[in-house]
Each structure stands twice: as C-alpha cells, then as structure tokens.
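Below are two complexes that have chain A in common, paired first with chain B and then with chain C.
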Partner chain A sequence: MSETASTIQFFTGFSLNDLPFLAEAAGNTLLISVISISIGSVFGCLFGWALYASKYARIFLGSILDVFRSVPLIIQLLLFFNFFPILGFPLEPFAAGCIVLIVYTSALVAQVARGGIEAVPEPMRRASRSLGMSYFQDMRYVVWPIGARAMLPAWTGVALGVLKDSALVSVLGYLELLRASQILITRTQEPFIILAIVGAFYFALSYPIGKLTAKLEQRWQYD
Partner chain B sequence: MIELKNVDKSFDQLKVLKGIDLTVQKGEVLSVIGASGSGKSTMLYCINALEKIQGGNIIVDGVDVHAPSTNVNQLRQKIGMVFQQWNSFPHLSVLDNVALAPRIVLGKTKREAREIAEKHLKHVGLGDKLDTYPTRMSGGQQQRLAIARALAMEPGYMLFDEVTSALDPELVGEVLDTLRLLREDGMTMIVVTHEINFARDVSDRIAFFHQGVIEELAPAKALVNNPQRTRTQQFLSKVL
Partner chain C sequence: MDYTFHWRPVIKALPDLFSAALITLEAAVLSMIVGIIIGLILAMMRLYGNRPMYFFATVWVELARNTPALLQLFFFGFGLGAFGWHLSPFMIVLCGLAFNNAGYLAENFRGGFQAIPKPQYNAARCLGMSASQTYTRIIIPQVFKLVYYPMTNQMVWAVLMSSLGMLVGFRELSGATQFLASNTFRLFEFFLVAAVFYYVLVKLILLVAHLISRKLFTY
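Right, the complex of A and B next:
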C-alpha cells in the first residue's frame, strides 16, 4: 500500500475561500447588533424616562431591569431560547437572540438615559416651562437634546458592549462571527489565525461606532 | 393687572407666605426687597404657577392662576420670567434660544420667529451675537439673553427673580440698564432684588418682605428714604 492512499485528509487548511463565509457571519453579527442596539435604545430611553418620572416605575420597572442587568447574558439566552419550545412555540435562534439582546440593551440604556435626563438642571426646565412650553415640549426641545449629549459617551460604551456580547448568541446556533470561527477552527485546526481574523472583523465593526460617536460628541460641544 | 388675595404658601411645615395681599397695575414697576428666605422669590414662582399655593387666590388679567381649569401653559405666555441663574439653552445658538418658544409655543414660522428673536436681541444689545453659542458669553450677556428670550413671547408682565445676584459685580450694570430700558418701554414688572438704589430709582413702589408678610409697601423713594416700620429701618441700615 502506498503512503498517500492510507492518509485520509480530515483537515483542510484555512484559505481565502473561507473569507466570504466569515464576512457573511460578520454581516449576521452586524444585523443582530444593529437591530438590538437600535430597538433596545428606544425602549431604554422610554424606560429611563419612566424611571426618572415615576416613583412606582423606579420600584417595579427598576427591579425588573436590574434582573436583566445582573444575570449573565448567556444564561438569559439559554433560558429564553429553551423556554419557548416548552410552551409549544419554538423560536428561531435569531429571533430569540434579538429579543434577549433588545431587553438586555434596554435595561442598560435605561439607567444611562435616566442619568441623561437628570443631567438637565431643574432650573433650566423651570425656565422653559416659564416660557409657556408644555411638559412634552420641554422634554422634546430642551431635555432630550441636552440629555442626549450627556448620555452619549455612556451609550457608546453600552453599544460597543452589546456588539461584542452578541457573540454569545452563538450558543443558540445562530451563525454569527464567533460560531463561524468555531466551525472553521474545527475544520482547519488553525485557531490562531482564525481568531485573529475574527478579532479583526469585530474591530472593523466596533471602530466606526466609536469614531462616529466621537465625531458627534465633538460636533455637539457647546460652542 | 396682577392681584394676590390672602395668599398662603408653605413647603411642608414651613410657612413661606402668610396672607399676602398685593395688586400690581398695568404699567407699574414694583420692586420687592427683604432678607433671604423672606418669601419674595417664592411669591414670583406662585404668580406663574411654578409653585402651588395653599390658600388665597392669584388673579392675572382676570384669570385665577391656580384654578384647576386654568391652562398654565397659556397663562405663562403672558408672564415672562427671568431667574437668578440665566439658564441659557446650551445646545442652541443665541438666536435659537430666543426663537424656540415663539416657534413651538406660539406657532410662528421659522422666519417670523427669527425676526422676533432678532428684534428683541437687538433691543437688549445682543444684535451682534445672533450666531454665537451662550457658553461663549459672559454672565451679563447670558442674563440679557434670558431677558430677550422672555420678551420674545411678548408677555404683558415680567417677573425678575434676583437677576443680578449671580453676576460678577462688573456685569451687574449692563443687566440693570436693560431693566431700565424695559421700564421706559412701559413694561409691567415685579422685580425681586437686592439692589436697593436701583429699586429706589426705577420702581414706582417697593414692598419690603419680612418672614412671609409684606411688612411695608410704599412709593419707592418714600420707602427707602423714610421707612416707617422698625424692621424696614433695620433692614435698610444693614444693606445701604
């Protein structure tokens, strides 16, 4: 028997042909992150407003949000994903991941938004009300623009965190960057290069967010 | 006309205003003096419903300010107020600071609001600052901006709450000059102030507040030059 015939190739090396696969996975990471961060931020701002405005919201909503802030995301994902089949409504990994990430983001953004509203001094709100503005006009034209500037750096931190935490959705089987890298590592046995490339993808996704908000911060400076 | 009838106001247990009776006629300038904590600023807040009252009535142009049926947003359009802290909106240019309320509250178009804002900013001497941001301006300029912002709603009355107290001494003059200008325009004003000489020169009458009551109310010069009540004499001897 010849040497070559006896050797069966289990593993094939990493090649350029694998890049589109990773790029597609990066697209999925981006998709789930954009959906979660944008919808989660809208809810987070509403929750933050409720926390600011109402004592009861602080007690009830506040404690519920604390749960989502405190329980590790991976546990939330597994619990939520496996809970629905029991009820007879199996969820797609993507849908389950989105829902959990949205709730998680909104819990984090709620506290950031509350801080943003509190950053607007009470006397300034009295001044706008004294001009005849209604509560909502004051909120829309004075509190929101000033509060948004105050919360931008903290919000950026949350957004970058959620983008990276979206890797955990891989445990549900959703094909995003981390899961794609695991598949490739299994096939190629070249974890070092693949993890480096995946890291670069994450960086490429995060960097623009940081840059964009830094630019916004600069443009929003009061002068 | 602004009428206060037997107005009581307290913060929890603390009685801040005790049965205040006061009438300010259209065109009149009334200054309010007194020690800190005597209730003079609180009275202003009550007049435009930024604070609730516990007893009595406040009537502005026949409207009961604190009646549940009163639309306070509409009422406040008639009553301009300027505060100790100028509270410029930091995210808006000087022009937009003034144009905002006419646009969103009075429903003026952008262009109309801009014209109104320009007119009032020029009036207070900030015609060359339209596109500046307030954080770039001195306290005195920002306080004049706050005055223009209130005037842009074309109110019938102006309330001034110690508008020079937070200013550096060298900036007090320009703000007082702006108030003198309004007096010449015939604006009805209630001016809470610690500037006794200014109050004497500019107001028609002065009310001296002491611990939540009007201790003495008299024509401006008479009250400062010839106070009748012992407490007024003591207060004036301390501050003059």
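Right, the complex of A and C next:
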C-alpha cells in the first residue's frame, strides 16, 4: 500500500523535540520532591523529638502520624485535593501535592528521627548534662551530631521513597515526569521507550544517592 | 462552607467496597507469595550464583528499588503492550507488585542469610545433613525469623501499593471507590471511607502478623 499525500497521520513518533518537554517535567518532579522532602524532614525531626520527649505526644501525635503511614498516598492525595473545594477555596495540584507529601514525609521521618534520638546512649546525655550543658545545648551539640549519623541511612530511604512517590501527584494533574510520559505515550504510541527513559531518570537520581549513603554508613561505622 | 455531605450512596455501596477490599487483600497476598519465592531465589543468586546470575539478580533488585512502583505498574501495563503482551488489570497489578516485592525482599533475605554464622552450615553438614536439608531445616528457619518483621512491613506496603491498581483499571478498593464515586459524584465521602478501610486493613494485617509471630517465635 503506497502512502498518499492525503493520508492523515494520527500518531507522530517519539523524537528529540520531546526531550525538552520531558526535561521540564523532570524539573517539576525534582521541585516538588525537594520542597516536600526538605520541609517534611524539618517537621519530621520536630515530631520525632516530640514523640521521644512526651508521653502524650506519643499517644496523640503518634496515632495521627500513624494514619498517614497506613493509608495509601494516592488516597491521601485525592482526599486532600477534594477536601479544599468543600471549604470553598480549591487548591492548585502543585500546592495540594506539596502539602500531602510534606505531611507524608514528616510522618515517616518522625519515626526515623525518634529512632535517631534513641540511638544516642543515655550515659552520654547524662554526662553532657552533668558537665553543665542545658537541655537544648545537649540536644544541639551531643544528640544532634550522633543522632543524625544514626538516622542518615533510614532518612535517605525515606527521601528516596518520597522522590519515587512524588510520581503519584500526577493523578491530581500536576505535570511531573510520569504524567509527561503518559501524555507522550498517548501521542506517540511508543510506551516502551518513553517508560524506559523516565525509569532511567528516576534510576539515575535514586541509585547513586542510595549507594553513596551505603558508603557513608560503612565509613562511619569505624569512626 | 456550603457543601452537604451525603453518606447514603456510600452506605449503599458498602458491600461493594467490602468485596473490593477482599480483592485488594487477595492481590497483596498473592503478590507477597510470588515475591517471597522470587526474592529467595534472587537472594540466593546474589550470594552464591555465578557472574551472569549475580548480574541478573542485581539488575532486578536495583530496578525494583530505584524506580517508582507506579512506573513499574505502567511498564507491565503499557510497556509490555509494545511487544504484543496484553495483561489483564489483575495480572498487571500482580506482576508489578510481585516484581517490586521480590526486589525489596531479596535485599532483606540477603541480609538475613549473611547474618547466619557460617559454622552453623558446616556443623549441619558434619552431622550428616545434605545441603538441601541444611537449608530447609537450619538456615531458612533462622533467616525467616530475622526477616519476619521486614516481611510484615513489605506486606503492608503491598496493600498500600495495590491502590495504584486504580490507575491501570484494576477494580480493587481504590479502583472500585473511584468507580462508585464517579457514579455518584460523592468523591470526598467515598475516599474517606476507602481510607478508613485501608487503615483497618493495615491494622488487621499487623495484628495477625503479631499473633503469628507470638505463636512461631516463642522458643
């Protein structure tokens, strides 16, 4: 069958011109992950401290944070996204995704941070208090340096998990990497290569960080 | 706030949601079983295999751990379509979750195997056990105890990850919720109930896992 001039092409193949589109989407993925991981970690550390310090926080805050770890992220996103129009002011997908990811990250980091504080031996803290350090000095100069090292591997795991889970924000309509790939797949009908490129991007980001942390962890064991 | 909550459609749909929750559980359990078997094989390949086997297992594990679960599901759903393999939604979710579980569990198993002292293996062989007897009676029970807690975690993850099935058209708890919600436009109410379902499901799994561990690890 020869191709005539009147043939309508429904699909155009994947070409180099699509790479900037993918790059922009990758930037969006990075943006939302970096924002939610950094803010979520700060909140997570505070929550972890509260969980460690107070019995009431452990009961109330602990059980609230537990909910965020027991409900799928996709449900959380959809619930939150549909909740704000009820109050009368609809949110942008980016804002809704950010807020949910921040809360999700902080719920995960809280457990990690609590474990980090508990990893500091009790005699060390008693010694620092005996040397005349205040509670906050003890926290800042003794617990934080030791606890941060103890929690680094687990924290990296959480951070990489959030980076990967940020793909779910696509269901709200935020144009991140996976949604961009969906759009391209719809146009080009070449799912394999596009999914491979997108997978390679996530892999290239996640794999070196994971390996680096494992190296650091090994080195710190002998310090 | 001029929004009226309508719970009647949700209450009417509760039996549907309940059976959907069972499908979620079924997919998660099946993917765990497949994942444990493949994960064991991958761990063995990384520990004792020759170079190609080690390479294969490492690629599997790193791919499963370093890409989003949703991407893996899409890969099984749409990516394989490029080769003319069209899986049903259930199979997409099952394959995707099993792939993911196997990758994560293989690392846990590998750590477990490495934690068992080598002399135990030698002692068992000295006592006249065959290699397979040594593994099934001495090594694997101990590894199982070590990886039991990570495995419970993975089971919970499998339940949570199965919610991604709604994006590939699988009618499990989230998929059914979305379907019913778009029938009635009661999105918030339906997803709130789905969240409660997931919470209860996860807590039930943790409870059962705890009871089983008390039964198994009392020696």
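By definition in this document, the second predicted complex is superposed on the first by the 204 of 223 C-alpha atoms of A that agree within 3 Å, B and C clash if a C-alpha of one lies under 4 Å from a C-alpha of the other, contacts with A are read in each partner's own complex, and residues count from 1 in each chain.
By definition in this document, contacts are C-beta pairs under 8 Å (C-beta built on N, C-alpha and C of every residue); 3 or more make two chains touch, one makes a residue touch a chain.
All figures in this text were calculated on a predicted structure; none of them were measured in a lab.
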Which superposed partner A:199 touches (first chain B, second chain C, both, neither): second
Which of chain B and chain C A:145 touches, first, second, both or neither: first
Touched partner set for A:126, first chain B, second chain C, both or neither: first
Which of chain B and chain C A:65 touches, first, second, both or neither: neither
Partner chain(s) touched by A:134 [first = chain B, second = chain C, both, neither]: first
Comparison of chain B and chain C by chain A residues contacted: C
Which of chain B and chain C A:76 touches, first, second, both or neither: second
Complex interface listing, chain A residues touching chain C: 67, 70-76, 78-79, 82-83, 85-88, 160, 164-165, 167-168, 170-171, 178, 181-182, 185, 190-192, 195-196, 198-199, 202-203, 206-207, 210
For the chain B and chain A complex, residues of the former touching the latter: 48, 50, 73-74, 76-77, 79-81, 83, 85, 87, 89-91, 100-101, 104-106, 133-136, 146, 149-150, 153
Chain A residues touching chain B - in the complex, by the definition given at the top: 121, 123-124, 126-134, 137, 141-142, 145-146, 149, 220, 222-223
Complex interface listing, chain C residues touching chain A: 1-3, 62-63, 65-71, 74-75, 78-79, 81-83, 156, 160-161, 163-164, 166-167, 174, 187-188, 191-192, 194-195, 198-199, 202-203
